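What follows are several structures.
One chain, chain A, links the two complexes that follow: it is found with chain B in the first and with chain C in the second.
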Partner chain A sequence: MAAIAIDLAPAARRLGGMVLIAFLGAALVFFVMRAGHGDPALSALGDQATPEAIAAFRKLWGLDAPLIVQFWNWLSGALTGNFGKSMTVAGGVPIATLVGSRLPNTLFIGLYAMAIAVVISLVAGTVSALRHGRMIDSVATGLAVLGISMPDFWLSYVLVYALALGAGIFPSYGFISPAESLSGAFYSGFLPALAVAAPMAAAFTRMLRTALIETLYRDHVRVARSLGYSGAFIFLHYVFRNALIPYVTVIGLQVRYLLGGTVVVERIFGIPGIGALMVDAAFGRDYGLVQACALTFLVCVLIVNFLVDSLCAALNPRAT
Partner chain B sequence: MSEAALIEVENLRTSFAVGSQRVEAVRGVSFSIAAGEVFGLIGESGSGKTVTGLSLLRLLPPHAAVAADAMRFRGEELGRLSDAEFRALQGVQLAMIFQDPVGSFNPAKTVAWHLQHAIARRRACSGSASGSGGGDWAEEAAQDLRNVGIRAPERVLASYPHQLSGGMLQRALIAMVIALRPALIIADEPTTNLDNLVERQILELIRAQQKKLGASVLYVTHDLGVAGEICDRIAVMYAGEIVEMGPARDVLERPRHPYAQGLLQTSASLERRDEYLYELQGEPGGRGDATGCAFAARCPQAMAQCRTTQPRLVEVGAGHVSRCLLHEQ
Partner chain C sequence: MSIKGTDFTRREVLKLAAGAATAGFALPWTVGGAFAQPAAGTLRAGIAGFNVINILDPAKATLIPEFYVIYGAFNALLKFNAKMELVPDLAESFKVLNSTTLEFKLRRGVKFQDGSDFSADDVKFTIERVADEKTAAPNRSKVAAIQSIQIADPLTVRIVTKAPFAPLLNYLTNTRTGTQIVSRTSLNAMGEAAFGRKPVGTGPFIIKDWKSGESIELTAFPGAFSGAPKVGRVLCPLIAEESSGMTAILGNQVDLTSTAPFADIGSLEKRPEVKVLKQAGLNTRYIAVNNKKGPFSDVHFRRAVSMAFDREVLVKAVLFGEGVAIPGVLPPALWADPKPVWGEYVTFNPEKARAELAKSAFRAGTEATLLVWGSNWWRRMGEIVAGQANQVLGTKITLQATDFNTAYSRAKAGDYDAMVMGWLGFVDPDEYLGEIVGSKGFRNVHFYGSQKMDDLLERGRTEIDPVKRKAVYAEAERLVAEDLPVLPCFCSNIHNLLRPNVKGFVQLPYSNFADQFGTIELG
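This part shows the complex of A and B:
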């Protein structure tokens, strides 16, 4: 019994924590939305609506009930996967359908951006660490500072201006869903993914460079050299392997920025994703839709954090 | 010196770039170690003894500059070897046991992983010529650990470094170095971080393994007791120079250089648990007047000419030299 309790306790605590965070996040979004200005009835019916029409609309959507009852109604539905229907953005369409149709696009852009950031940072971080203090390191570090400093919306327009309108290599607007054509999605999604990836690539590069340089001067690397192992072997198993732990941790921390970035970039490039949907829903006071989008983001972040933490634990024998 | 010397070092000079200046850590050190000999390098911290060992093995950071009139291993000039050629000697011919056993291991890998790669490296280098090729590496690794007094090798092999004690790791580190069968082992204060009992065991272990393999050892330490126990010959370093060198017994029992005498008095005072510890005056490792003897500022027997004349190493006994103007009078 005791052994089982010890083995399961951390996992159970983790899972419980994730559920609690998801619940608190959902409650926060629910009440903040309702505390804000605006009225879904006015969004749906327009300024000229009669008081009777507004009252009928509110009754139809259950907005006349006390807040806590509304929250319970929403929560009990959400727990069974029923998020209700869209009030204003796409009147009457089930929210689950809306989110389900748009989630793949956002996930695609997010993972695409993550992959670009990881590849760029692995190359740039490694090269600048191995050549630190030299020309190529200064260039890479300078670019990294630039990448962190550039806002994603500004970078998006620069990329559109240079690579779409200028060079004409990529489309400036529109997105082919990965469900339609995978190659088309990679092609049309490149600029938005790059815009989201740039600040992350910069942060990852700096982290990896620092971690690698720090590890390069650790004693065990000198011991490995004293044993006559090849440079590639030492770099891979002694330097990179140990620098990987802080690197993966930072990647996990940056995932939330990834979601923020997609919200902005989806608007600019006209990508039908969750981010753009959530912005539309917020403007239209489509409470249920905003809540569902926010909850989706939250769950994505929690899942990624969990995966990253598990990966870190697997990489670091001292963590267990 | 003699043709039996395994390694010969002549006028080794190592300096570090600090800002725009160069700081000399080793200033013209010469010694040779015969095959199968344990040679002790003694001195305070900052005397250049560790840097001497690291210079020999090319393990210093890029801002260090190493120069020598000669550094011969089995008659071959090491200075002429490219980094790739030198790497072929590292580990399998010239190996090092470091001071901090905990930091010496890759924290992400098990002890088994470390031993496996050390064994693989030796087998790759010796090829079929030495005939030690075959066999399961895991069996050999377990035997290597048993040889250094580890009674449960399987458990230690499966452990990560952070799961083992410092003494256990030092044994494992020695086993890893021994697994490479090097001709020269540079041991840099391998027992400083260990308690007395474990220190004795490790010293006996190094001595036993060294005898068994016929390896030479360059033993770097600040501990005269340890040096007396393990070394055949001893060199005392001060401020980057060898001030006295000779058979261990002669140097430790009849030191001729005032610095070596002072060190020995301090050590004896420590052992007697004197109420007032005998200590050398002045800053350790401090170099006095650049033109004279490095030790002049701290020397109880300093004369006027010590500040102007650089002493040379003078023969004071059989194979026993000392760097002091007192001997030249």
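This part shows the complex of A and C:
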């Protein structure tokens, strides 16, 4: 109960830090995007645009103002929740609407992939630790190496060929948004989630296996055995629980990469997610949209970081 | 926090995770959305290889996928048939009154999708709007030669040009020209921005719903003058990767695709569940080079590089045989294309290439950068050209990968040596030669200017007699092969994939799409 009565100053400091990082990140994306080559007018007006048309376009979107003014305009809008409208990717659609409709799909696939990876790794890690050195361990470890080394786009196509076109179990393309049908989303999102999950599952499995094996030979486990407790009891209470701390830490580290990791898979399976949106926006030089997507990613990662740190602290009070 | 509490939470987490992973299989799923099994009479037409559609106002559209959809919602005065002959669309007939005046008799009783009547006034409004600088229409140059548009009566319109202008008829077709006829009343009532999202034309399909970057839904317009469509609804998912378009059709998630990956055509042709339509396309692919500065400003260097790579190898390795090598800018599928003349500077010949390099101010070891962008095959095209040139000439041409916007912006600013480049969907030779190598052509990012070329192109624009016009462009092509303002490479085939039950789709070489939806039947 002592943890509840904590001093609020660190939390406030932390929150302040997050806001500062979000601001710096937004500023960085803003100036880097504009420092590069390329022109939104080219995307929107085509290569035949006259200089007058380009000038009119720049004026319309406020691109003719000095950079610092443009940044201030963006920032003051963003602070009130107004992210402006899409310039070149979805002409005239409010950016908040676009991001709002896309984010749930990406979060869904990310969490779905995480769930799959956790289930696979719990089973595979436990089995290979308990049977370590035997055939089943070699198979699981081999698969884990394979999982880590396979690029996600390649695995995506392998899954499509095997489970969609071959076995005909899953759709080969397309995604039903969870907002439309939750079960449909689980069904149509399975292959993409599995493609995202595979390398994570492999990493988690290896982590869990190592942690479990290490714990199996600790003194307290030997003592428990000598006292005559059953194997299952020892495993659950003395081995597994101790191995859980490094395991959760590794999961936490991976969550941070999840959102970015879905970009390629979103494109292959046609999932209208925020990663694919950001790629389109970057190619089209839809500055405001890139900005909003990047900020969304940034805020998600900051929140996840915060949650993971809190969770780890809760699991292992000694660390704090 | 107690140990007990943690224990409980962990189990809960495990239960939830396991539940989530299996829920998809345990529950009966209700399918909806763009990828559900469609209701009878729904065509699922995947736009593959693209997922950005920014605007659907014909006067403002620039991207090929935008036109894929516009073709089906609009009509122009004229269109092309399967033999690429000009045939009536909204115009019933046309007459050449004199070398600068065209008269169009318009179809009677045509309705726009909002129920209003189509008349000569809409034609005048549409074309004047494209020509108006304030509209900032990407296709403005195509109608800039027009001096006036006269309405003789509600169904007769005369278009007068400042001088004879041969491409005009081609520019008034339902292609990438932006001259698709819009409704003056709807546009004025809705305003430009709203019209760009939900435009109103006379075509067989109405744009009903549009999820940016996801899909477009079309619904049949029973009152279309071309007849009520046979399918009631069309869903066009925007499929970013061409290879995903292929897996989508193989897995029966779509009925038709707009494109297919070159590498897979061979294997797709052997599969019974999909039909491959293909033909030589109206497109051109070349290496754009900077004629103003750097090694490519030297004509001998350009010729040496041009002779140092084998175009047939490009066709085999880049297109997997799905195309033809070309010695100029014009695609062989274009009516005006002469029998290609393979001048010596566009023919692979390592010895002559080295001899030519010796005449140039640049030697073996010369460094240059070749910009590549886009999908894999563009990159492979750059790799082969640079690799072969370096091998034959000892040059040090290196690749730099980027995206199209960056590459093209750099090219326009003159900040480049060379880049892979190409265009598709053009229907008039002036769109290729005039715009790519004419000194005032807006696709001339090569800083190439030749009085001789400009004179030829001017003659091509004003020569009304097609036979004489063809001869002019043949000469211009020979000049391209001499001067090499760009290094010509190849034209690619165009492809559509169809499920066997899709009937009535006619493929046209300019990469058409929704214009055929009105006649499609699902067997």
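Everything that follows uses one rule, which is that the second predicted complex is superposed on the first by the 312 of 320 C-alpha atoms of A that agree within 3 Å, B and C clash if a C-alpha of one lies under 4 Å from a C-alpha of the other, contacts with A are read in each partner's own complex, and residues count from 1 in each chain.
What we mean here is this: a residue touches a chain if its C-beta (ideal position, glycine included) is under 8 Å from a C-beta of that chain, and two chains touch if they have at least 3 such contacts.
Please read these numbers as outputs of a predicted model, since none were measured by experiment.
Trainee: Look at A:T141 in the shared chain and tell me whether it touches chain B only, chain C only, both, or neither; answer first, second, both or neither.
Mentor: neither
Trainee: Considering only the touch criterion stated at the top, classify A:E52 as touching first (chain B), second (chain C), both, or neither.
Mentor: A:E52 contacts chain C only, not chain B.
Trainee: With both complexes overlaid on chain A, does A:L227 touch chain B (first), chain C (second), both or neither?
Mentor: The first partner, chain B, only.
Trainee: Using the touch criterion from the header, give the chain among chain B and chain C with more contacted residues in chain A.
Mentor: C
Trainee: Answer with first, second, both or neither: which of chain B and chain C does A:N305 touch in the superposed model?
Mentor: A:N305: touches no partner chain.
Trainee: With both complexes overlaid on chain A, does A:Q70 touch chain B (first), chain C (second), both or neither?
Mentor: A:Q70: touches no partner chain.
Trainee: Mind sorting out which residues of chain A both chain B and chain C touch, each in its own complex?
Mentor: The overlap between the chain B and chain C interfaces on chain A comprises residues 241, 315, 317.
Trainee: If we count contacts the way the header does, which residues on chain A are in touch with chain B in the complex?
Mentor: 217-220, 222-230, 233, 237-238, 241-242, 315-318
Trainee: Applying the document's contact rule, which stretches of chain C touch chain A when the two form their complex?
Mentor: By the definition above, chain C touches chain A via 1, 6-7, 10, 14, 16-18, 20-21, 23-25, 27-36, 51-52, 54-55, 60, 62-63, 133-134, 136, 138-141, 193, 196-197, 211-214, 237, 239-241, 243-245, 247-248, 250-254, 402-406, 408-410, 412, 442-443.
Trainee: So in the complex, the part of chain B that touches chain A is made up of which residues?
Mentor: 57, 59, 61, 87-92, 95-96, 98, 100, 103-109, 117-118, 121, 160, 162, 173, 176-177, 180
Trainee: Going by the contact rule at the top, pick out the chain A residues touching chain C in the complex.
Mentor: Residues 3, 36-39, 42-50, 52-53, 56-57, 86, 88-93, 98, 101, 111-112, 115-116, 118-119, 122, 157, 160-161, 164-165, 168, 171-177, 180-181, 183-184, 186-190, 241, 244, 267-270, 272, 276-277, 280, 282-285, 314-315, 317 of chain A touch chain C in their complex.
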